[in-house]
Amino acid sequence: MGPKEAAEVLRKSFESEVREISEFNAGQVSVTVAKEKIREIMRFLHDAPELQFHFLSDICGADYMGKKEPRYEVVYNIFSMPNKAYLTIKAQVPEDDLAIDSVMDIWVGADWRERECYDMYGIKFSGHSDLRRLLMPDDWDGFPLRKDYPLQADLGDREWKGYIDVIETYKRNKVYEVHSR
Amino acid sequence: MTLQQFVNRVFLIDIIKGMALTLKMMFRHAVTRQYPDEVRDPIPSFRGRHAFVRDQKTGKEKCIMCMKCSQICPSQCIHIEKGKREDGKMYLAKFEIESLRCIFCGYCVEVCPVCALDLTEEHRYSSYTREECLFTRERLLSNWDSLAAKWKEDTYFNKFWRPDGIDSSKMPKAKRELAPIPLRVAAAPPAEIATAKPAAEAKPEETAQPAPPAEKPAAEEKGKETAQ
Amino acid sequence: MDTNIIYNGFYKLIGITGEPGVLAMTVAILIGIVVVLAVVLLHVAYATYFERKVIGHMQLRLGPMRVGPHGLLQPIADGLKLFFKEDIFPATDFKTVFRLAPIYTLFAALSSLAAIPFVSTFYIANINVGILYIFAISAVSTYGIIMAGWASKSKYAFLGGLRSAAQLISYEVAMGLSLVGVMIMAGSLNFIEIVEAQQTHWYGMYLIPQFLGFFVFAIAAFAETNRVPFDLPEAESELVAGYFAEYSGMRFSLFFLGEYVAMIVMSSMSVLCFFGGWTLPPFLTNAIPALNMIPGIFIFIGKVYFHIFVFYWIRATLPRYRYDYLMRLGWKVLIPLALVNIVITSVIKYLA
Amino acid sequence: MIVEKELSTKYLTVSMGPQHPATHGVLRLVLELDGETVVKCTPDIGYLHRGMEKLGENKTYPVDMTLTSRLDYCSAVANEIGFCIAAEKLLGVEVPERAKFIRTMTSEMVRIASHIIWIAAHAIDIGAMTVFLYSMRDREMILDLFEMLCGARLLHIYPRIGGVRCDVDQKFLDQLWDFTEKFPKLIEEYETLIDQNRIWWQRTKNIGIVSAEDAIALGLTGPTLRGSGVPYDIRKVAPYDAYDKVEFDVPLGKNCDVYDRYRCRMEEFRQSNRIIRQCIEKLPGGLVLNPDAPGLDMMPGPLKKAAPAPAPAADGTAAPAPKVEAGPAFTEIYSATEVPKGELGYYMVSDGTGRPYRMRVRTPSFVHISALQRLCVGVLVADVIALIGTIDIVLGECDR
C-alpha cells in the first residue's frame, strides 16, 4: 500500500479532520489535518493493521506567517515498515491557540522533538511530560524559528543576559590578555 | 560451551592473540610523520590558502569585479569595492578575503568567470596576528608568487576552475579555454617579483597598461646598480 | 653486621673495623637510602620514557621524539615543567589533607623499597618478614588516594577514591594468599632466603611450580598498582582522571612517581618470589657457565624491566574492566584460585 | 531502648560533561548516582546550537549545502548528499547515472570513515587505547582519498544539486581499489584486539538492551536500530542514488545489546567495502553534473524553473533560458537518506524562490541522545560510557 492509498484510508476514517491531501514529486504525500484529533489520527495510523506507521521519523514545526492561514503547522513524518511508505501529516495550529496534543504516549521518542518544536515555535504540546526549552537557554526570550524573529539584530540592553555576561567577563579579563605583536 | 571455547577461556587465548598483535606492531614502521621536519607533499587541488592568479600579460590580477564570489561566499568573507576612474572606467579599489572566516568551500574559485581566484595547495600559513590573516589584493598576489616558487611542475591548473566531467559548453569563454598556467617560462622568477611588488603597491591603479612584469624589475635593478 | 656492600664499603671508608657504632650505622643507612632513592627515581623517570616509547611503537607511533635525540631528555623536560607549574588548589576545606595526600602516597611507595634486596649484598634493610612489610606499606598507600579523593571536593575524585579503596582491599587479600604458596615452598618470609631457596631447585624459579600463584599475583599486582586493565580509580573516560583530577604541577607528579615506584616494587616482588631474583636458573648456568659472570644486579634489573615492559604491553592491549566485574574477579576467581594453590602446595610439600 | 534510625542517604548528582573525555563533544549528562548506579540521567544539549535551520532559510540552496556538512562533521559528504537529494526532489532536477554511482561510492567511503571514528571513540572509552590509533591510521587513507577527490579532507562540499562537483580520475579509482583490497585485513586487526576479548565482552554483552519495539518507539535508526534486529535501512527500503544497483547485506543483531551493535557496525565496514568495489566496477561514463541543474550562483529570488542561471554573456553561447513560471506556492518534501549514524531526513518547504522556505533537518544523533535518558537508568557509570559510544553521536548534528 502506497502513501497515497494510506492517505485515502485516513480520509475515510477521519472525514471531518482531513483538510487536504497533496502529492508532490511521486511519493511525497502530505495530509493536512485539523489539530484537534491529532492524537487519535496518529493512534489510528500507528495501530491500523493495514497501515502500521510504526516509525516516527520526525516532528517539526513550520511557520507560514502571512502566507497561509492558520499560521503554524506541526509536521509529522511517519514511516510504515511493512508498506515501505513515508507519509507527511501536517496539523494546522492557529496563532491564537498555540497548542496541540502530544503524541508521546504513542511514540516515546517524540519527547525531544516536541520539546524542540516548542523551543523553536512556542507551540505547546499538551500532555507532554517535560515541556522545557531544549536547545536554547532556559531564560531565552522569543522563539527563533518564527518568521518574525530576525536573523540578526542589535538588541542593546535587551540582549540575552548570558551573552551580556560573556561580554562583561571578556571586558573584565582584558587586562590579562597577552597582546601579540 | 564447546571445548575450544573452554580452552580459549582458561588459557586466555583471546588476550594472548591481542598481545601478539601489539607485539608484532611494535616492530612495524610507525606511521607518524615528524611534522615540521617531514612535510607531506600537498595533493593537487587541495583547498588551501587563497591567491590571485597573476596574469602574465599585465602582471596583475585577472579580477573583473563581477562580484559573483562575494555573493556566493557562504561565510561572506570576500569584500570587494569598485572604484571609478576619471575616464569612467571601473577599477578594483579593494579586494579582501578574511581567511579566518573562510570555510574553504571553493565556491568562489568555481564561480569566477575568469578564473582569477585560486585556493592554492599551501596549507601552512598560520600567524600570530589577525591582520596577517586578512588577505588584501597584494597579499593574494604574493601568495600566488610563493606558490609559483614552490610548485614542482612547470604548469599549474586548479581542478575547480573547470571541473572534469561537467558540460563546459555553457561556461564563459575565459573559463572554457583556460589552459594550464605556465609558472616557469614566462612568469618572472619569484625573487624579482618580490622586488617588483613594492612598486606595484605604491601605485596600483596608475597606468592603464602596466609594463610586463619581466621588464620592470630588470629596469629597477639596473637603476639600483647604477646608483651603487 | 651483615654483608651489605653499601654499609661495608662505608665502614671501610671511614676506617671502622669490628662493630660500628649507632652513629656510623645511621649515617650508613642514610647513605643507603639516598643511593637507592636516587637510582630508583632516575629509573622511574626513564620508566615513563620507556612506557611512552613502548606504547607508542605498539600503536604505530613514535613516542617522544623532540627533546634530545629520540626524545631521551623528555623525562627531564617533563619533570622541570611539572616542577615550575602553578600549584592550583580547589576550593576545598581540607587544604592540609589535600597537600599531604600525594606525599603520603609517594612516601608509602618509597618505603616499600627499603625491604627489597636488589642483590644478596645490596639492600637497605634485611627484614625477616619482608613480604609482610611490603603488603602492609602498600596498603597504606591507598590512604593517600582516599585522602586525595576526599579532599579534592570533586565528585569524580571522590568516586575515584572510593573505587580505589574497594579495589585495594579486595586485591590485597588475593595477593597475600597468592604468595603463601611461595612462603610454604621457601619456608621463609625473607626475600633473600626465598631467592636462595629457589636456587636449590634445578629450575631456579618458583614460577614453574607456583604458576597458579603467579597468575593470581600478577593480576593482583596490576590491580594494586592501578594499571590498565584495572585503572578504575583514574579511569580517564569515566572519572576524567579519578582521584588526582584536581591536582596539578608538583603534587600531580608526586602521585605519578608513587604509581611508578609502586610498579617497580611490585615487579621486584614478582622477580624475587617467582623469577629467582638476581640469580639465573641452575640449569641455564650449568649449561652455559659464562652466564655466572653477569653481575646479579643486572639480572635483577633486567627481570624488573621485563616486568615493567609487560605492564606496558598489557596497557597497550586490553580494555578497562568494569567496577563490579573487577570485584567479581577478585573475590570469585582469584581468591579461590589462590586457596586452591595453597592447598596443592601444602599437600605436595607434606608428601615430599 | 535502642531506636533504629534509618541512615539518611542521598543521591550524588554528577554533571558529566560538557567537558568530559567520553561525552564526544559538548554533551552534558546530569547523572544522579546511587553509589555507582545511575538512577536518573538527564541529557542537556544545545552547547553547539548554531541555528542551522534558521540560517538555511536565509541562504540559497547551494550555500545551504555548506551548512549541512557541518552537521555531522565526521561524515560530511553523506549529509551533503542527503541535502542534494532533497533539493533535487524539490526542484525537480535529474542526476546523471555516473554522478549517482560516485555519490554512492563517496557516501560509503565516508561511512567507513565515520564508523572508524566510532570504533576509535568507543574503544578508547572502554579503555582499549590501541584500537584508536590503528583505526586512525586507516582513516588517514580515506581522508587522503577525499583530499584527492575534492581537495578537502573533512568538510568535503563535494556533491552538487544535480550531480557532483567534479569527476573522479583513474588515479583516484586505482588508489581507492587498493584501499578496498587492504581494508578487510585492517578490520581484522581491530577485531583481534577486541572482538573476542573477554573484557570487551563483559563491557558490552547484555549492556544497554533495547528491544525492537522500544527501539522503534524511541525512533532509533541506523546501526543502533539494526542492532536490535529491525531491518530498517533506507538504502534498502527506499533506495536512493545507485543503491538499488549494488548488492549488499544489511547486518542485523540478535541480542539487542552493545555488543551486537558493535558487530553490526563492524559488518557494515565490510559491506561498505563491498559497495565501493561494485561502484568502481560498474561506474558508467558520461557527465557528472546535470547541465540543466541550478548553478552555484543561484539567486535568492524566484526561480526560473529548469533553467540554469545564465552565464555572463561574454561569448554568446549560452542560449537565453525560456522563462517558466514558478510552481505552486508551497511544495514540500521529506527526503530521508541513510547516513552512517542513522536516518538523516530533510523536510524542506519551497516557496518557489532560491531559498528554502523551511529547512528542517532530522538528525539521527538528536533522536539517539533523546533516547539516552531512557537507556541509562539502572546501569553503572562505566556503562553510560559504553552506551554513549554505542549510539554513535556527534554533537554538531544533535544541536544543529
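A, B, C and D label the chains in the order they appear, each numbered from 1.
Operating definition for what follows: a residue touches a chain if its C-beta (ideal position, glycine included) is under 8 Å from a C-beta of that chain, and two chains touch if they have at least 3 such contacts.
The structure displayed is predicted, hence computed values, not measured ones.
A.B. asks: If you average the Cα atoms of each chain, whose average lands nearest the overall Cα average?
C.D. replies: D
A.B. asks: Once you count every C-beta pair in contact for both, which comes out on top, B-C or B-D?
C.D. replies: Counting C-beta pairs in contact for B-C and B-D gives the edge to B-D.
A.B. asks: Quick one: subunit B and subunit C, Cα centre-to-centre, how many Å?
C.D. replies: 56
A.B. asks: Indicate the whole-number Å distance between the mean C-alpha point of subunit B and the mean C-alpha point of subunit D.
C.D. replies: Inter-chain centre distance comes to 30 Å.
A.B. asks: With centres defined as the mean C-alpha position, give me the subunit A-subunit D separation in Å.
C.D. replies: 22
A.B. asks: Measuring from the mean C-alpha position of subunit A to the mean C-alpha position of subunit C, what distance in angstrom results?
C.D. replies: Roughly 60 Å separates the two chain centres.
A.B. asks: Which subunit A residues touch at least two other chains?
C.D. replies: If we look for residues of subunit A contacting two or more partner chains, we find none.
A.B. asks: Multi-chain contacts only, two chains or more: what residues does subunit B have there?
C.D. replies: 15, 18, 21-22, 25, 31
A.B. asks: Out of subunit D, which residues touch more than one other chain, so two or more?
C.D. replies: Expected reply: 130, 134, 137, 193-194, 197.
A.B. asks: Okay, in this complex, where on subunit D does subunit B touch?
C.D. replies: Subunit D reaches subunit B through residues 59, 62-63, 66-67, 98, 130, 134, 137, 140, 144, 147-148, 150-152, 155, 157, 163-167, 169, 189, 192-194, 196-198, 286-289, 291, 295-297, 308, 311-312, 314-315, 317-318.
A.B. asks: Within the complex, which stretch of subunit C touches subunit B?
C.D. replies: Listed in rising order, the residues are 54, 56-62, 65, 313-314, 316-318.
A.B. asks: Tell me, which parts of subunit D touch subunit A in their complex?
C.D. replies: 45-46, 49, 51, 53-55, 58, 89-90, 92, 214, 216-220, 230, 232, 237-238, 329-334, 336, 343, 345, 347, 349, 351, 358, 360, 362, 366-367, 369-371, 374, 399-400
A.B. asks: Which subunit D residues qualify as touching subunit C in the complex?
C.D. replies: Against subunit C, subunit D makes touches at 12-14, 20-22, 33, 36, 123-130, 133-134, 137, 193-194, 197, 199-200, 202-203, 380-383, 385.
A.B. asks: Once bound in the complex, which stretches of subunit A touch subunit D?
C.D. replies: Touching subunit D from subunit A are residues 24-25, 28, 30, 54-58, 60, 62-64, 67-68, 75, 77, 79, 81, 84, 86, 88, 107-113, 116, 120, 134-137, 144-145, 149, 151.
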